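Letters A, B and C mark the chains in the order given here, with residues in each chain numbered from 1 onward.
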Amino acid sequence: MTGPSWGPSLRAVTSGSPLVHCLTNIVVAGFTANVLLALGASPAMVENAEEAGPFATVAGAVLVNLGTLSGEREVAMRAAAAAARGASRPWVLDPVAVGALEHRTLLARELLNHRPAVIRGNASEIASLAGATGAAGRGVDSNMDSGAALGAAMDLARESGAVVAVSGAVDYVTDGRQVLEVPGGHILMTRVTGVGCALGAVMAALLAVVADPLQAGRDASAILKEAGARAASPPVPGTGTFAVRLLDCLGDLALEAAS
Amino acid sequence: MTGPSWGPSLRAVTSGSPLVHCLTNIVVAGFTANVLLALGASPAMVENAEEAGPFATVAGAVLVNLGTLSGEREVAMRAAAAAARGASRPWVLDPVAVGALEHRTLLARELLNHRPAVIRGNASEIASLAGATGAAGRGVDSNMDSGAALGAAMDLARESGAVVAVSGAVDYVTDGRQVLEVPGGHILMTRVTGVGCALGAVMAALLAVVADPLQAGRDASAILKEAGARAASPPVPGTGTFAVRLLDCLGDLALEAAS
Amino acid sequence: MTGPSWGPSLRAVTSGSPLVHCLTNIVVAGFTANVLLALGASPAMVENAEEAGPFATVAGAVLVNLGTLSGEREVAMRAAAAAARGASRPWVLDPVAVGALEHRTLLARELLNHRPAVIRGNASEIASLAGATGAAGRGVDSNMDSGAALGAAMDLARESGAVVAVSGAVDYVTDGRQVLEVPGGHILMTRVTGVGCALGAVMAALLAVVADPLQAGRDASAILKEAGARAASPPVPGTGTFAVRLLDCLGDLALEAAS
């Protein structure tokens, strides 16, 4: 009997327990850590100016999530991204709210110079970042469907050299040539804060143990969507219970992959 | 059959999904976002110096919660409050721990110049802020009953032009003339971190869609107290379960209001 | 019928409701507050440069957790530790990730000058801090067993004058002469973020009401291990449920101690 296609990737996480260096935001830091722990990875949040660079060189992979910026966090993000690239550590850029605010759009564009392995965002963020880099001139709709950003995502992937993942009812993961579709999940995943941000962290965990960033991005999406579907089946009474069950189900997937 | 008095306000949130710009603290940011999401609002935490002002002008309403201050967060709070006022966006001041620490008491007083639509705090905070503004000279008892701060609240409301909400076993909401009482809720709401802070955020969400700040404040209190009462009935084994059920019950209220 | 050995300590917390001033990290701040609230303590996170010192002098005890540093948080930590010592308030140092990063190792060493009552960490952190102070020259293994750091812990205790607690499958608490062992707990306590950090906060809560830091450290460990064991019995479906039940069980212990 064969397991799911992402089984080997998840097994590599649970057995390797990669150190994932997360520069993320104050809203989702705790949930992100719990998601990574549920899968067997080792999260560590280090986001000060002095330590973010050195720590990136010893981590298995790095996440840079622009959610709640600060002056010091920006310094740390630049240092971590530069150090990760210098040490050949893969890193993920999550351009939260890029497009809505020019300041972070410029920051995200600058960070692309440090060549993230994966860029993960929703349709609006990806289309905005593609437009800001000149990769695409498409307009931005903050409620746009993931599929509507697919062209922008492919442009951004070719322009940046990164794999680009667009999250939505269907997740798309592309290197600018191939496009992988990941359906599934559950609408409640959009009603709990941090699920998208945690997906970026899971992508980082997989990048630490899987050579191909296209596969890492696709498998991370599939793992989170599978856990989300299970967490809502049988139906849950609401978002509080769903968030708890999502962590439980991620742990189930890790156990199943390891066995 | 008529629904609860706050039904139309909540329905306006679930149907309008207002963008609520939260400058809040590291303890409750995640819970606050989950409370807003459960009600159908769209939370966004932007708290850096460069972006807080511009973002306040595109939000439906703004929350400024003084819980965990930092130098940069203070700059951002001043910018957000000023920008909100300039763009006629309603904003809520939550003067956490004002009275206990002079630094934040002065900050809160300064922020009043930007004319919040609502000020929400516990009895001690409201009495302290009233005293600091010269609106009232009453002493402060950190465990004081909400009713004991009612006079100070009315003074502060008249002095500041804001609706003032005092949280406690009974919540009082006043514009300095009328006083609305909101009984109910459950004692466990005081044993989970962030319930009071989340109430400030819910008030902001309602301000984005309800014209009258007195009504927005009263309805937000009533919604949270109803959810708290439901979350504890049947009795829960403890505060962990209560916090989960509180989110579930907020979602139930949103569903009921929308139907 | 006699209760557990830590019953009187926990009863002192529930009856005294000590104010615990926490300078901690963005990952665990919410969970830490909920753990303290479940036990009946009063958490307050104040971490800005202007307020951390003054607030430490009015708190019952202070926690300084190095998890997510920032320039301002470091200023605040130095001020809080100095003020706590000056006002004879006991404080706990949690040297998160010391050893892995030189910057924080130096910070932790410097903070020892302000004489924490308790230092709590895992084996690697304790061994590193002992080595950095010259108290011990032992090497560091990031996955080392708590017992392997016992010698370093005793050295560090004698060198610093603090009680040193090493967390692991067995917790060790020592003043450099006596060694108290606390077995129990559950492996899931290592799979939820913040349990170790919360233990440091619980030690602070007990220090506020118990004269002997050795007893406070031991009883805090025993309380958390008892709650962890109960939370996993009957078995839970995963880490999400475990974290919720851990809070519920802490509340049960507080109720039992108070009765």
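The rule we apply is simple: a residue touches a chain if its C-beta (ideal position, glycine included) is under 8 Å from a C-beta of that chain, and two chains touch if they have at least 3 such contacts.
Just so it is clear, the structure is predicted and the values come from calculations on it, not from any experiment.
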Smallest number of contact steps required from chain A to reach chain C: 1
Copy pair chain A, chain B: interface residue numbering same or different (half cut): different
Rigid-body rotation angle, chain C and chain B, from Cα fit (steps of 5°): 120
Geometric centre distance via CA averages, chain B-chain A, whole Å: 32
Chain C: positions in contact with at least two other chains: 26, 29-30, 70, 72, 243-244
Parts of chain C lying in touch with chain B, wherever the complex brings them together: 26, 29-30, 33-34, 37-38, 43-51, 54-55, 58, 70, 72, 243-252
Chain C - residues contacting chain A, complex: 25-31, 67-72, 97, 100-104, 191-194, 236-241, 243-244
